[in-house]
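Listed below are the structures to be examined.
Shared between the two complexes below is chain A, which pairs with chain B and chain C, respectively.
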Partner chain A sequence: MTEAGPPQSVSLTIDGTPVTVPAGTLVVEAAKTVDTDVPVYCYHPKLGPAGLCRICLVEIERLPKLQIACNTPVAEGMVVHTHGQKVEDGRRAVMEFLLLNHPLDCPICDKGGECDLQDFSMAYGQGASRLADAKASKPKALDLGPTIVLDDERCIVCQRCTRFDDIITRERSLVVKDRGQRDVIATASGEPYRSNFSGNVTELCPVGALTSKTYRFKSRPWDNHRTATTCTQCSVGCQLFVDERYGTIARTMSVPSDDAISDGWLCDRGRYNIGFYADARRITAPLLRRGEQYVQIGWDDAVEAWAAGLRDALGAAGPQAVGVLGGGRLLNEEIVLLVALMQELGVTNLDWRAGRQRQATPGRYAGTYAELEAAQLILAVGRPPSQTAPVLDLRIRKAVSQRGARYVTYGGHAAGSFVGVTPLRSADDVENVLSGVERVAVVWDGIDLELGARLASAIDGWVARGVSVTTYLSGEANNARGAEALGMVPRSGGLPFTGMLDAAQNGRLRSLSIFGANPVLHHPLGGASVANALERIPFLVVSELFLTETAQRAHLILPARTGFEKAGHVINLAGDVLPVHQAHAAPPGTLADGDMLVALAAELAAEVPGPEDVLARATAALPAATHGFGDAAYSEGVTASKSDGMAAGKPGGGGLRIAVGSDIFAGGGTIWFDETLAELRPDPAATLSPATAARLDVHIGDRLDLLSSSGDDSLQGLVVRIDAGAPDDVVAVIDGLPEAPANSFADGDNVVLGARRAADALEPALVLP
Partner chain B sequence: MPVVNVLTDGIGEVNLRDIDVYRNRGGYAQWQRALTELQPENIAQMTSDSGLRGRGGAGFPTGRKWSFLPKNGRPRYLVCNCDEAEPGTFKDHMLLLETPHQVLEGILLGAYAIGSHHAFMYIRGEFEQGYRVFMEALAQARAAGFVGQNVFGTDYGIEVTVHRGAGAYICGEETALLNSLEGKRGEPRLKPPFPAVKGLYGEPTVVNNVETLATLPHILKNGPQWFASVGPPRSPGFKIVSVSGHVRRPGNYEVPLGTPLRELLEIAGGPREGRTIVAVQPGGGSSACLFAEDLDLPYDFDTMAQHGTMLGSGAIVFFDETTNFVEAALALVRFFAHESCGQCTPCREGGHWLEVTLNRILSGGGLDSDIDLLLSVSHQLTGINLCPLGDSIEPFLASVVRRFEPQFRGYVRRPESILVSA
Partner chain C sequence: MQSFGGAVMALYRGFATTLQFAFQKKPTVQYPSVRKQHAPRFHGLHELRRYADGKERCIGCELCAIACPANAITVIGAENAPDDRRSPGERFAGRYEIDELRCIFCGLCEEACPTDAIVLTPRFEMADYRRGSFIYSKDRLLVPPDAGVGAPPDERPGGIPADLGWVTEQKSTVDIARGYDATYNGAKLKDEHKGLTLQ
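On to the complex of A and B.
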């Protein structure tokens, strides 16, 4: 790419006001600098001009015909009129055509009150219709897929939805089918519209044609109470609006101006995973184990029991016998309180690492999202961002499709990015693609520390050669970076969580408090070992929303709050300290973890910092890091991440190796307890290459079991999928599914095929005529 | 009689599909001469000097169009537009079927002239036989070494890719054609950027009509002055007109531009027995009608434009006094509404509205206000669309509503007495 010089500016007149804007600016954008608004439907700043709706007509002196402001670049001396008889006539004509066959749905339309068609009709529409015939009648509720419904009568064919699916996600499944008056939005394949970003099309749709199944007919804009906050579903930290209607969360919306983080988009996990807040299975009172059962107790009793349990443990065996796990899902303020309280008690066994991710800080080359977008080469190592940091992946797609970047992966996982990807198999491959590249962005999943360390030394080499490198760590918990930065790590001589489990096995850990973490489902030592160790702890406290696999083992369960129910700060993967505002009242009986900790401290008569001190520490700028990926400081002494990565892995030897990947809709918490999203949760699947499936003689839809080579662990009833792009001799499964937890398996492990059932034996209905 | 035989020479007499027959009559001689004696610039200059204007509909000077290609070292493409679907136009189909080698030679010359090494032939989906004929001609030319690498021993190489449309009039519009060629939905592109700058696969591209390109060998052979000296100065040369409607011998006729319409009527056998021509649509379905008093106008680009209509692709439809202009209007409106790609609001909605209204008028449900509605709606949908198709409805509809208003009014009141001639 050649360096562009400083942008030339152009002077023109809009409605009599002289303006100067950079050359190449579109008239529609230039008009925003004077106080005039040119109406648009198909134009969108992020999608660019399309010139379809024709509502943005303006008059440009010396041009005989009206011009569309959305595709006319400014020119020196241009004189633009956005009003006047000619313009009004043109717009009135377009409005008349738009409304001609548009149904009179406003009173029942979800968009009513925030609809551009409704708004511009007030400005340019005529009172009565000149249509003497019946309006065209079209399907009112076409099911486009698991998330979206199309009202074809309302569609004005602006193609914003299809262009989003083309330009932004690159998935290209949405198309305009048929032509003229008969055209309709559909998928090219005829299959349901499935995308991890589908909800954005409902926002882009300027009318009420595309609606979310979760919001359809649920509310009207004027009944919604809106709060801006940060999404806490993953570590990207997208800004979003929460719209609450009389105490229930109606929907979430993107923040279009959030260029720095979300680029104006949301993923469907962040957008739609709101059904769990009001799920009947929420725990709404502290639960104390009595034999085989739990009894509900009051908060005073709960805090007393908690304090007593801690005091017993401390008294009997000292602070070494006490541990704390969690923080990746807490707010900074809560982490500060938790760490301070434990320090006060002398407890050093602290860790946030309840899953596979071992490290959260990308280190000394940490970059911004803008730098990632500007990279010439993007290297993803380990699990790809498409499933761990969805909206970040949109930036990768943008860098590749709009800015000419190259995308390469290392680690044997499918990239899932819908742009050209080169999977690399060796360190030499990586060095080869780097030749001639000046700006590199590296995204690592933080799982395999040893791989991270090799990566770090390679990166140091590139930097020494003058390559500009920025690094990113896309992990599992949304505030892992906050937890790590604010001290939820083993203190001097303290144990990491794997060490705590070891101590528990040996009867040396007498009390463990877990905050918002589910190691039984996620920790790489495997559900059975983790559960076994937890069950040996005399006093296990779990702060949770639901009765998860881990909570079920607790002696005391504390009903927590999350996401939109509390206020504070988090740190996203790019290191931005972001505010979380309370947007929704939590169910009575629950408490924010921070409030639990304040009560516990009071009960223990322990000194903790006051609110101002907490806030100051929670929002302090992150100190500059000196280390890199895979630093020895994160090593646990005990091996929790067995993986050496698929890429560098052992030869298949005729056997089968496993790749354990992420899915944005996997998990045992907010997603598992959200019935509105049941259709989006992935089936436990085993994905194979066609050749491997043929070799094993399995077919799409068959069910099979996988056994670890020791035979100790198994995954049962996996549904066979076949993916032409999958590597041979590898079976890909999804992590974090309560029906088939794969956490005891690591990338590259050898596995053997267990029992299997043919598809038609299972579902005879499928073969009936 | 001003009928000439330039592009049509030999048609109906010999089998021009046979490469040997074509060569014996001088075929591919200009291609050989171009590669061995002429530089691309020479051909471009000759084309400019000839004054040749595009035969696809817009009448844009061909040499000028080529000159817009940026000299940026990028690959560039020539695309031959054989999507011919303009109502009343059937000349390209004839050239394709009867003289495919002449078309191919034109494509090769055009490609060489613009410095392209890859030409594309886009053939209307319905031209099944024409496609096979052209493929056979291409195979013969390839076997003879006229297409491929090192043509005539030079270091020039050229590939020709043939693509079939899937049955949409809009794919004749050059940018929709490019989308269709790329495998995308056949809908016009937003301009700018223009194809000359960013066309097929994002590279500089020229789209030319079949007849335009087939004219090139003749300009090379006889010199630009020969071509420029025929017809009016700003509409020089010969043109194949497709004459149809109420004439005795509808068909393709090759004539010098500037020939009066009345003479063209005579060439096509004149009106049917005892009938009088009351209107003529001179330039395809998108053109406005002229009337009996206009028949002495010379048929050329500028005269037609000065009289509020156009020469277009050279499709001339004569109407005599038996015409039901309400039905004629509906036929054309239905065509354009059906063929609208649907991108633009006015074209998509306006065409449909007019079709519904005309249908209602014809089935006896017309209202007095419908006459004004037809004029008003067709007018307000014009001039604000992305491509010219949206502007194609008003000219014919408005011209016949104004001229034959009693017919339309007759429908509104008394469906039985409608054939009131103007």
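On to the complex of A and C.
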């Protein structure tokens, strides 16, 4: 303040209080330091000023007119009055103008009760309109896309929604169409508004113009019981509010102050995938197989049967014949209990790897989200995070668009990030883009260990050169990092899950307990062989929410609880230990996996740690890791995928290779059993580049079958899509779709076209009268 | 000290007053065969009204529920289906319940209602044997389709009803003397149950 030189600060007076803020701060932000409220509509700290609504008028001494606080930077000696007669008169005039055609139908407006326009009407409105004519009438309940409804009458054209779509997601599909009184929020293309982040605009909209279809008319803000928790749908670990009313989850909302993890945004999976817990197909009583049928039994009998099955297996063939697979639904506490109980029983066959992801801990160069954002170069290897860790991808978009980072991918997948992406084809390309770069962030999908190991040695080389590298592992399983950190991995001499399947095939595995995992749909050995192996296990226990492909093979099905119905902790991909709180009462008859384990331990008379001990272990800070990507400790004999070979881009004559990607709305669990999201689930599609489609003579909308080169596996009835950005000679399909499970296909596998039906030979979807 | 004559006069006046009432019309009536007219502002059982075209006035806004000091009202909104419109506009009350045992008959719901949907009628007779039967839902609160009043707002959703003035005056839109129980529908149900039919 006294000496010159950066960082400069500026002293000014706001409402009589002297404040000192960094130079360049906007008056609206400076005012936050003195506990005064400057009303805003169009301004948002993450979207910046736009100067559209004029409600933020303040008086600045020695300036003849009122100024907008959101677009006026502070100046030395400035004297600002945020209240007073002149300011209030100005705001009243602005309000009158904003309300000119506003319907003020608050009683049927979803925003009613949390609406800025309502609040500022109370503060600055004049109660009655001076408008003599009827208000302009505009369309209400305009369908903007699968998730959002627009009430055009209520829009005050603050453009927060369009700026979000421009500045934050970079997707640039929302625009203000037409001008003046006729303006309307629409997509530029006229197509439905589809985005993985569409729900955020309903929170940004300061009025009730944009509302979520899932929340329409369900509740009022004052009815909702709000719980702050962690989203358990993927490994990003966004903080979110769950609003519950009369035992149903009405909606979820982002936590605006959560800059460290979600940056204040949620993806649509986390926001809208909330209908599954109440689905009629939910299992709410333990089910025991009797021949071809399941009978409903009580929990006491279930735990007894479980313990008896384990004792039989242990007694007959020892702990090597018992295995445990713990999926991503488990919380840290449950993992600690499970590992402790298995240790007590001498069982060493533990694993969490039910799908393709082989590794979850990024190791010695693990970075935070802030470091990712500050990187100059972001390298995504394998499946890019846009579909497995959506909000992480938003941060990549931010780094690229707002902080000038460069985004490159390696592995032949489309990045799907809406920012400039350079796909790299060889290791040399990677070295080239690295020259002169100081801060690199590497995001790997954790699938191909051999590729990971080469990546790790390359990273070591970069670090030796003085490049600062941070690494991230954006896998498909949500609490995988917690599972790995807390010991849900094969213990001394134990088998990984693939080994357990092998042992099952040979009749050496006598009991397997699976918690919240669906290997039949996700394991790279393929549904048929996994199911075959599981069926040979004499005693298979599955703890699940629904009758999934895997649960259908079980002898005992235990009804579990969702992440909304239990409390504990998870570890996200950046290594933060995050709390999960119970937001809603679980259906009677279900138990959290942890409670099942406590009951099982009691039945087996096994010693497990007490609650304090479990909590301490579950929340302990992660130990510093020394390994890197693709560490040998994780290898387990699943044939490595060939994604790297694909990146080199040399298909054999006329060959077609497959790229298996993710989609945030693909899956066989919470998504599949959520009817409210039916419209968002992807169709099984085969995406081709225009050149490849032309070469193969297929057209958009055709149905085709893909066969593996051995002819053993097939994907049937895929809808052809054509994407100009797709690489040539590659057919991209989506993993984890129960209608067309692609888990037996690995990236880069050669595939051949099977039967196909031209679009015009199909049953017409719509016939015009 | 009062004189003797004064005391006799006082006695006389007292007895005269008593005697006078002996010849007047008695205020007690032979309830239930005879019923008294209530004061116009009497607050009794609720009724959910309709517009003259049969659409429900209630738009499920929950303002009555939040205004209610006894927390007696539960409203869950729902969206009108295009082919089955229950109310003008987009929203209607998917569920509407009043717990008449909690209700203190203050009339604040009536004050809060933006569409004059909920009113307290002069009906007061709601004795029953089970507590559960005091939770009145839409089937007993809504007036019959032909008992609506007032023009609905123009079909532009959210339009403001033009008839707020005179509708407010009216305490009920169905004949209050009909049946002894609760609302029109409740009375009908009970009478049917007893093998009686109205009219």
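By our rule, the second predicted complex is superposed on the first by the 743 of 769 C-alpha atoms of A that agree within 3 Å, B and C clash if a C-alpha of one lies under 4 Å from a C-alpha of the other, contacts with A are read in each partner's own complex, and residues count from 1 in each chain.
Please note the rule applied: a residue touches a chain if its C-beta (ideal position, glycine included) is under 8 Å from a C-beta of that chain, and two chains touch if they have at least 3 such contacts.
As the structure is a computational prediction, the values presented were derived from the model and not from experiment.
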Clash or fit, chain B versus chain C on superposed chain A: fit
First, second, both or neither for A:Arg130, with chain B first and chain C second: first
Considering only touches as defined above, state whether A:Leu545 meets chain B (first), chain C (second), both or neither. neither
Just to be sure I read the superposition right, which of the two partners does A:Pro49 touch: chain B = first, chain C = second, or both, or neither? first
Which partner does A:Ala141 reach: the first (chain B), the second (chain C), both, or neither? second
Determine, under the contact definition given at the top, whether A:Asp105 touches first (chain B), second (chain C), both, or neither. second
Could you tell me the angle at the CA centre of chain A between the CA centres of chain B and chain C, given to the nearest 10 degrees? 80
Return first, second, both or neither, reflecting whether A:Glu153 touches chain B, chain C, both chains, or no partner chain. second
Figure out whether A:Lys218 sits in contact with chain B (first) or chain C (second), or with both, or with neither. second
May I ask you to name which of chain B and chain C touches more residues of chain A? B
After fitting on chain A: smallest Cα gap, chain B-chain C, Å: 19
List of chain A residues in touch with chain B within their complex: 49-55, 57, 65-66, 71, 89-90, 93-94, 96-98, 100-101, 130-133, 136, 156-157, 159, 175-176, 178-183
Which bits of chain A are touching chain C when the two form their complex? 103, 105, 107-108, 112, 137, 140-141, 153, 216-220, 222-223, 246
Chain A-touching residues of chain B, taken from the complex the two chains share: 168, 170, 185, 187, 190, 192, 337-346, 348-353, 356-357, 360, 367, 370, 373, 377, 380-381, 383-386
Which residues, counting only chain C, touch chain A once they are in their complex? 59-63, 66, 76-79, 89-91, 94, 114-115, 156-158
